[in-house]
Each structure stands twice: as structure tokens, then as C-alpha cells.
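Following are the structures in question.
Each of the next two complexes has chain A plus one other chain: chain B in the first, chain C in the second.
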Partner chain A sequence: MDPELNLSTPTGIRDWHSEAASTKRVVENKLANLFSSWGYEEVITGTIEYEDVIGRGLNEEEKSQLYRFFGREGEAFTLRPDMTTPIARFVASQLTGVPLPLRLFYTGNVFRHEKPQAGRYREFFQAGIELIGTDTGRADAEVIILASEALRTLGVEDFKIGVGQVQLLDSFLEITCLPEKTKNLLKQSIADKDYVTVNSIIEGASLVEEEKDLLNGLSLVQSGEEFFERLAGKSLPGPITIHLERLRDVYDSLAAAGLMDNVFIDLGITRDFEYYTGIVFEVYSPALGFPICGGGRYNNLFGRFGFPCPATGFALGIERILLVLKRVGKLPSSNSKQLLVYGKDFKKLLSAAAGLRSQGFAVEIDLDGKSREELEKYARAAGMELLEVPAEEE
Partner chain B sequence: MDPELNLSTPTGIRDWHSEAASTKRVVENKLANLFSSWGYEEVITGTIEYEDVIGRGLNEEEKSQLYRFFGREGEAFTLRPDMTTPIARFVASQLTGVPLPLRLFYTGNVFRHEKPQAGRYREFFQAGIELIGTDTGRADAEVIILASEALRTLGVEDFKIGVGQVQLLDSFLEITCLPEKTKNLLKQSIADKDYVTVNSIIEGASLVEEEKDLLNGLSLVQSGEEFFERLAGKSLPGPITIHLERLRDVYDSLAAAGLMDNVFIDLGITRDFEYYTGIVFEVYSPALGFPICGGGRYNNLFGRFGFPCPATGFALGIERILLVLKRVGKLPSSNSKQLLVYGKDFKKLLSAAAGLRSQGFAVEIDLDGKSREELEKYARAAGMELLEVPAEEE
Partner chain C sequence: MSSMLTIALPKGKLGLEALDLLAKAGLPTDGVSDESRKLLIECEKEQVKYIICRPTDIPTYVEYGAADIGIVGKDTIEEAEKNLFELLDLGFGKCTFVLALPRSALNSMGYEGKRVEKILSHFPHLRIATKFPKVASKYLQSLGVQAEIIPLHGNIELAPLVGLSEGIVDIVSTGKTLRENDLVAVDEIFEATARVIANRVSYKLKYHRIQELIGDIRKILAEDKND
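Up next is the complex of A and B:
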């Protein structure tokens, strides 16, 4: 072969084949069926978007990861970096008249120009939902419950759900009167679960001991029981109370859904996209070092598209869930037996194959008039069984 | 709303929602199941390709329709304009060691910067197969039979298949000793079915009457019976005979598959991509003014990727098949009944909804504590039935 011949794909772009591709289809279809059964309707947005349109949903770092290019009339195009922003654009342009809430789901590929890392692709697949037009604790809970149902539907029973609220930590930090820089360091340390730094910052702050204890306590990843126990009887400023009540409401709904043992509270959860405004969550499997699924409330995004409207949702990483399924031995497998039929009479082969297919077999027809030896070799390599179809007796 | 707010998608890029999206999924899954049952394995290639890699499969016009852009290290990228070329690249780079024939299928989106026309998109969807590593009439026939099975699986019974052979017309034209320009005009006129021009070119050629009759006859779209009848007893040059024998072989196999009434011979069939080398075909429905499906043999494409290997295949236009299904009243419909459950006790709502979903209903839960009047309005608009779930009696 010509050594100069380039057959590679661009960095971070991969091909799927055979088991990987069919497993992906099975997983996506199971998710699509689940989401449909919860009243969510599918949406597929175009792969190419105007950059200035999609840019409305992104912060500077997210913008820096966009695949950008120019159209033939000089238009600034981009490949979608997530599905939530295109869906906001779509809903704001096409569905402003429909009764709310609106439930939408998707499965699709997104593009982010991230640093190449093990297991990280620049084109990758997500499945997810958006619940648009309702701002209640039940809505926050439905989204989290549906995320956990998604995992169970795929056979993953062992998972944890970290639940946070993006404004709550800010509200607590306001009490501390710490300088902005220190606040940011504290937030980052809580997100990083670097409790040594968290502790030393809080110790150095001019707070009474009880406040220090409270803040230290709230920085921890802990069960809902523990979290709300710490706050029992505390008198807290209005904004904190409102956010806490919502978190409590969501937690109670998750407990009602039987998820008490799966859920923990983690105020340090920060999500990739900057549009989150309320309850956020991430789902973890012990089989994987990063979240399989994440989402939360984003009440301001639709407004940026001229359709102010609360919303919440999540996205599940298809590559990640496939990794988890593989590691926990739950990859769906095709159970159709493979046959290779051969014989001299093509008409008989066609009808034999059709009959076998209708019984659930996957059937290949020998097209080359291969010898018995060649047929056996081919069938063995592909894990197929051989079946001769005799020609009509004369 | 801000009148300056741009919410549009780029020209030729569309969104799919609700029925359209779910129908597309159903159709693609039916096709995937069919292709699997014939022993084809799914492949999903990356959306972004190096332009010089994909360019190997394209002629100048095809290249002119590419979406092109530069990567951050100056790489020349493109969005795939078809699936056959990326699959050739994939097979040549990854699967050269597998036993042949190799059967692959795909469903996916492709990108072509065509002039915007009614019903034409610049991002559109295809499903198709590639049968790699075999160059027999049975292989040509399998591909055409599978295309017709694809239509039947989707509920389309009324269709015609035009079968041609891209070298055959050239071989005949060589006998005429016409100038190159006239040959090309004649080929174009045959492709356009402009028989007046065809006739006048042939009449003006220096051929004996019998040759003129033959050429005139072969230019027509006609049944296989008629076509081969015209040639019966004729003594023809070697290359023509070889191509004719293959066409005859394929035709006989199609007849054996019961497709005699669907098939006609049309030597004027020219396919979009220039890589075709042998038997080509197109599938038509009376419900649509352009082919739903097309394909054929392309024995030289893999060689351009360093892996010389015969192949054949087809691509089915998803947008087109959905149009046909709509027009012939065969769009698959979701048959799950929609319910909206409401009540004070969230736990009871969750469990009632779960029970109903397991019985096949699609169930939404009221998350807002809407009034009965609001619930009725919402349910009516969405075509749902309302169901109250009473709270536990105290």
C-alpha cells in the first residue's frame, strides 16, 4: 500500500462498527422508548448552526471549544456543541404557541474541540431530555427520577446521584463577607472536594464558630438526612431559605420515588455549561471515574432566544454508558443466530433465507459459489452456521 | 421579541420534531432490522473527515458540493457528502483482514451544498448497505432484492426498479464511431429520455439500418423480456457480450426473486457519484417524481484507498421514503395512548404512572398542581386523557 496514503480520521473523530454500533442503537432505542413512555417527544436539530445563535447559550470557555467555519456567503457556522441550546433555539422559533410544559427528548452527536484525552472524543453522542415551562420541585424531581430510570432500563442498578443547587453556595458565601477572590477559591475547592483548603479558608474567615461549623458541614458530600439535619432550627436569610426549600422539596420527591439510598447532596456540583440556574445533578457509577449523566435547571436560557421560560433537563453520555454497561457485564447482545446458506439454485436460496429470517435468524446467502472448504472457513470466522439448500430434484 | 433576534437555521438545514422524528426513528429501525437479518453489520463513521481522504471518492462536481473548513492546525476538513466513501476509507484502514464478502449497513446524515430547491436539504439522511468483496451477478441481485425488501418492509408495494449497466451504453457507442461530442450528447439524451434527439443522432450516424434499429431499441426504457429479445441472435463484440451476460444473470436472479414485474432495463441510468462501474439501479414510486433509492456496483473505489476490492450497494433517501409513506398512507404511527395523571400525592402519582407505562401507555405526570380546567385544556391540546390519582385516605 502507498505509505503516503492517508486513511485516518481527524483527531477525536471515531468510527463505530458491528457490536459497538448495534449496541449503541439498542441503547438509544431503549432510552427513546423510555422517554416516550414518560410523554417526551423526539426532536432532531440540524448539525450545522449559526455561531451567533448557538453562542447565546455558551460562556467563553464553551465558545472556545466550538468547531467554527464559514459558509459560502461568509456566514459564521458552527457544529452544535450540545443539544440543549439548539433545542432552545428550535422551541423559541417554532413552538412558542404550544401548551406548557413541553417535554422533549433527543439522541444525537455533538462536537467539542476539547484536548484529546483517553476516552474523550471530539464528536460524541448524547441522549437526553428537556422539560420546558415548569419551575417546580416536582419537575426537578421528574428529571432526576427519569435519569435513574434510564440507567435501570439499561440494566445499571448500582449508581449514585449527586444533587446540588447552583445558587445555594453563593448565598451562603455572601454571609461570610469574604473577598471575591477567596470566595471563588472556596467554591473551586468545594467543587474539587479539597476539604483541607476548604477548611483553612473557612477557619480564616471572620465568622462566629457556629457559622464556620455550618459552612464546613455544608461543604461536605453527604446524605440528604445529614444535610438537612445540620440546618434544622437554623435561622437563615430569605434567599437561602427559598433555595433550601426547593432542595428539600426535590429531595422528598426523590425519596418518594425510592431513590433515598442513591441520592447525596453535593453543593459543589458545577456543570459544564454556564446556563444552569437551580437544582443540578450528576449520576455516577462505581464502574466509571466521571459522571455518566448530568443536568439541571436552566431558567434563563430560553429568554436569550426571546422566549423566557423555565426549563430543566439532562444529558446522558452514550460512550460513557456503553463503558459502564461493558464493565458491569450488561451490554445488550444480539441474540439472533447467524446462518450462511448455500446451494446452486438461487431461487431456492432466496426463499429458504426468507423463511429462516422470518423465524428470527440472520441469514447470509453465498453469492460466490464458494467451495465447501471456503464456506466453512468464512462461516467459522464470522461465527455462522452453514446450511446447504439442495436444488430441486430433476 | 427582539426583531433583530436571529433564530434561523442555515439554508438547507432543518429540525425534526414529534411525529416526523419518531417516524424517522421507526423507519430507520425497521431498515436496520432488515439489513441485520440479511447478515449486514452496522457501521457509523465520523461526521468530520479529512478533505483529501474523502476527495478520493469524488469527481469535480461532487467536490464542489462539499462543506469545507479548516481545523485549528490548518487541516482541511469536510463533512461527509455520502456514506459509501467514508465506509471505503474505514474498511481500507480497519477491516482488510476480515473474510470477504463483508456486509455493512448504515443510517446517517450527509451534507451537500446543493442549490436550495423544494424538498431538497443540505443535511439529509440516508440508509443503505455495502456488499464488499464479491463481483458476481448474485451479489448485484442481492443488493437490488434487498432494496425492494426495504420498501416492502416499510409498506411500499408499488414500486419500479430501473436497472442499467454503466459500461454497456459506452460499449455500444463505440461501434458507432461517432465523434466524442456526439456520443456524449447521445448518452445525455438517453439519460434524459429525450428520444427525439436520440433518434435524430442515431439516424445521422453512419450505421447500417439493423445497427440503427438496435441502438434505437436499446435506448428505450423497457422490460427485460423486450430488451433481451432485441438482442437475441445478434453477434456482438466481446466487451458488450460480457456486460450483457452479467445484466442477463442479474435479471434472471431478480426474476427468480419474483421482481419481474417491478424491473425494467434502462441503460440511461446515470448515478450521482462517479464511482459506479457496473450494474446500477434506481427505485421509483409513482408517489414521487424522483428515485427513492439508488445504487450499484463500484469496483474501483476501494482501490483508491489502497484496498482493491469489488463492491456494490445502495442508499435509500430517508426524507424521500418518508414522503412516499405519507403519500401512500403508510406512515407508521405511534399506537401508545397518552395519559395525563394528576393528584396531590407525588409518590402515588409516580407509582400509578409506572404501572400504566408498563401496560404500554405513555404517561405524563402533572408537575404544577394545575387546576382541573387547566389540566383539561392541556390534555385536550395534546390529545391526552386525564386521570386523577387520589391521595391515600387518612
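Up next is the complex of A and C:
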């Protein structure tokens, strides 16, 4: 390598090659097949979008993470920071007439100029679904069930699903009558699991002991049973009851799907994007310190593109899934044995190689007329077996 | 799912206090000590594992999930700026972040009663030596003061004495070191105590066990307070 030439990639941008690239393709194909079998259709949107169009789905902090650049006419472009917003833009502009619900899936790369931190790239890959035009507990449940199916299809059996409801925590905080600023800090602290701050705010608030206990209890991660037990028999304001009923409905549907042992309730799940409006969830594996999948309901996003319509969905992080698969020993491998064939007669080489390929081998042909010794060295380095194709029939 | 709970503990006094607390909470602590050279202790029966490491490394062990939970000072947590859950304030290991300047420099400007921004404006080019560059720059930024941060690894109080910096940002517990080196704390930045931190995913996967442990520790702390 010429030290004078800068051949590095920008921070957070990586190359994919060899096994990494092939396992990524296998994983994406398995996911695509699964999503298709549930009736989801593939959608591929462009990598580059107008910044003001995509910006409609984002808050200020999310906008600050966009990769931005200018076109030749001075237009402001951006690289897509997620797939949900471009899909909302696409559906609102081209599919408003189709019968609902609409089921879409995607695999693709997204870009976020985040502070480099553990387990994050700035260009990363996602596979996911959007379920558009239905606002029922069953729809919320379907995306969570499909997310678990996706993990099982890939061989990940050991995972937990944290389920929350973004409005529920807001409604509970509403009845505390805390000042707006304190409420926001408490909400953020529950999301960040900063229990030192959570406890000090709740202790200092002018609430009766029972309300303090309830808030402290709600801020915890807990099983569905504990959660609903905690609220049983309490008389609660209307909005809370509605959100609670939906959560109960989803929880029961997940139990019906046999996911009871995988699910816990965490009202602190707020997700990366502020467009979420209802049931949200994240999936965790003991093999990784970060969520591997997340999503939820976002009923207002389509409205911002002129097509008010409820929707929900999820995205799996491909890099993270690959890490988990590696750590639990479930990384898909290409089973086909690799061969290197060589010989003087090119026609015979071609037909021998074709024959071997049809038997399932991956076959390379020596093109350079290398010596046996050189060929052995090359084959060993690439993990291939060497096979001579004789020129003359004996 | 692994039911092993991995706890990262700091070497030194804080670690010993933490061990004492964990023993009271019913965790096995035999053979776990600061003195021994063992850095990894596994208690198979009780399904607990300890990692003994440098205090400043604890947030890293926990962020990456090498340890599920850890006990470390808020000073270290603030400086590390990691993505962690902070579960409990243990109250011990108390120290305070201060900005300190040499008494001689302060006396020559008549600093008594002056605001800290005013004091710092006396220096045309301000250099602050510290072991905590992130805490120090955040603090100085909040004052609106431009300063050059000089990161050092120890004996920060030496820097102003030899003309390496005008002042220091450091943690103090008794203030003895400052007095001995003729330094005066002109501002308290914040108070730090030992905290229990948790990995973001471990906490959610092992919430039953971790919350139970936190509950037990909370009870012990409350009892100690009442004694």
C-alpha cells in the first residue's frame, strides 16, 4: 500500500467482504422470505432524499444527525436516516388509493452521523416491516410476533421483548401535577433508568404515599403479571384506561402467540424517533449489550406527508443480528466445498468445472498456468481443495 | 439464558466498602479481596461473578456488558460519558469536584467575595490541569470561560506550583491535599458518591435479580441511616 495515498474510509463506514458479506446476504434473504410469507411486499426507496421532505418526520436532534449535502442546483439533500420515513413519503405520494391494510418490507442501509459509540456504525443495515392502515391491538401484536419469528428463523431462541406504550407514561405523569420541566426530567430519567434522579424527584414531589409507590412501581421493568396486578382495582382517568386496555390487549395476544415468557413491560421504552405514538417495543439478546430490534406504532407520521393513516412496524439491526448469531454459534455458513481446478486443456477444465458446480461445489479455475507448488499455496490460503483435470484421456 | 450475575468492583477503598455492603445483602464475598491478585472470582453455587478492575474502567466493562452491574463513583461515571443505567446512590465514597487556584495568585487579586467568572477573567490565558478533562471542559463551558484543559494522570496539585497551569479541577474529600499545597477551592462543581450502574440490556434481561439486589441494598442503607 502506498503510504502517500489516503485509502481509509470515513469514520463509522465499513466494507463488507467474504464471509461477512455472504452471511449478511443469507440473513437478509431468510428475513425477506419470512416477511413475504406473512404477506409483506418488498419496497426499495432511494438512498438520497430531499432534506425538507425527510425532515418532516424528524425532531431537531434527529435532524442534527443527518448527512446533508447540496445538489448542483443548490437543493438540500440528505442520506436517509431510517427506512420508515422514506416509506411514509413513498406511500403518501403513490399508494394512497390501495386497499388497506398495506404490508411492506425492506432491507437497506441507513445513515446517521452519531457520536461514534460502542456497537454503532454511521452507515448500518436494517431489515424491517411496516403495517399500514390498521390501528388494533392485533396489529401491534402481529409486528411483535413477526419480529420474534424473524429471530427464531435466524436461530436466535434466547431473547426478551420489552413492551411499552409511549402515551401511558405521559398520562401518568400528567396526574402528578409536577411542573412541566420536572415532568420531562422524570420521563427522561425513567427512559434512561437513572433511578437516582427518578427516586429523588418522586420523593420530593407533593404526592400522597400511594401515588409515590405507584409511580416508583411503574418506573420499573416488570413482568406483565406484576404490571397489571399493580394497577388492578385502581380508579384511573379515561386516557390512561384507554392506553392500558390496548396494552392489555396486546399482552394477551402475545400470550396467545406463546410469547408470555419472552415479554416484559417497560414504560421507559421511548425509542430513537419521536414519531412513535402508541405501543413500542425492543428486543434484547443476552449475547449483546444493545437492542437488536425495535419498533412500534406511529400514527401521526403519515399525516405529516398529507395522508393521515395509522401504522406500526419494526426494524432489525443487521450488524447486531450478525454479532448475536456469531456469539451464539448460529452464523449461517456456506456449506458448499470450494475447489480449485487446473489443467492444460481449457475446454476440459470448463466442462469439469461445470460438472462439479452442478453437484453443488464452488469451483474456481486456474487461469494463469501456475506451478503445482504455487497452486497449492494459493488453494491453502483460500481454504480450497486442489484438483487436476488431465489433458489427455488415458 | 445465563443466570450468572457479573459485578464489576473497583480496586481500593471504594471497592472494600462496596464488598462490605454486598456481603450484608447476602452475596458471597469470601475470597474476594482487593489484596489478592485474582481479578476474576466466580461463585458457581450462588451464580455470582466478580470482576476487580481499575475504577475508571468500570463504566467500560459495564457498557459493553462484560459486567452486568458495577459499583463506582459518580465522578468516574460523569467523566466516562457512557451509555449506562444508574440504579442507586450508595451515599458513601463522598467527594466533591472543585476548581482550585493557588492562594498567592488569589491574594494578589483580592478574590474574596468575587464571582468565579470574575476571578478567572484575571488570567489572559487560562490553563486548567485535571484528571477529568470532560467534567472540566463542561464546567468551564457552563461558565462561559475559555480555557486550555491540560489532562494529567495524577498529582494534579503539582501543576500550578510548577507553572504548568493556572488552576486545577479535581475531586477532594477532606481538602487536606489542597491546603498542603496552598491551593484554595474557589468553586464547588458537584458532589459525587458511589453509584450502582447497570448495562442497558443486562438490566432488562435480569431485572428480577438486579431489582431484588437493589431492594436489599436500599433496605440496608436505610437501616444504617437509622442506627
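FYI, the second predicted complex is superposed on the first by the 387 of 394 C-alpha atoms of A that agree within 3 Å, B and C clash if a C-alpha of one lies under 4 Å from a C-alpha of the other, contacts with A are read in each partner's own complex, and residues count from 1 in each chain.
Just so we're on the same page, a contact is a pair of C-beta atoms (placed from the backbone, for glycine too) under 8 Å apart; a residue touches a chain by one contact, two chains touch by 3 or more.
On a predicted model such as this, the values are computed, not experimentally measured, just so you know.
Contacts of A:Y195 after superposition: chain C is touched, whereas chain B is not reached.
In the superposition on chain A, A:V43 contacts chain B only, with no contact to chain C. In the superposed model, A:D158 lies in contact with chain C only, and not with chain B. Within the superposed three-chain model, A:T182 lies out of touch with both chain B and chain C [touch as defined at top].
Put simply, more of the residues of chain A are touched by B, taking chain B and chain C as the two choices. In the superposition on chain A, A:F290 makes contact with chain C only, while chain B stays out of contact range.
By the touch criterion defined above, A:T270 reaches neither chain B nor chain C.
Here chain A touches chain C in the complex through residues 117-118, 158, 160, 162, 192-197, 220-222, 264, 266, 284-286, 288-291, going by the rule given at the top. Taken together, the chain B residues at the contact with chain A in this complex read 1-2, 5-10, 13-18, 21-22, 24-25, 29, 32, 36-39, 41-50, 52-53, 67-72, 75, 77, 79, 86, 89-90, 92-95, 98-99, 101, 103, 109, 111, 113, 123, 131, 134, 136, 138-139, 141-142, 145, 253, 256-257, 305-307, 334, 336, 338, 340, 346-347, 350, 353, 357, 361-365, 367-369, 377-378, 381-382, 384. Of all residues in chain C, those touching chain A in their complex are 1-2, 63-65, 83, 85-89, 195, 198-205, 207, 211, 214.
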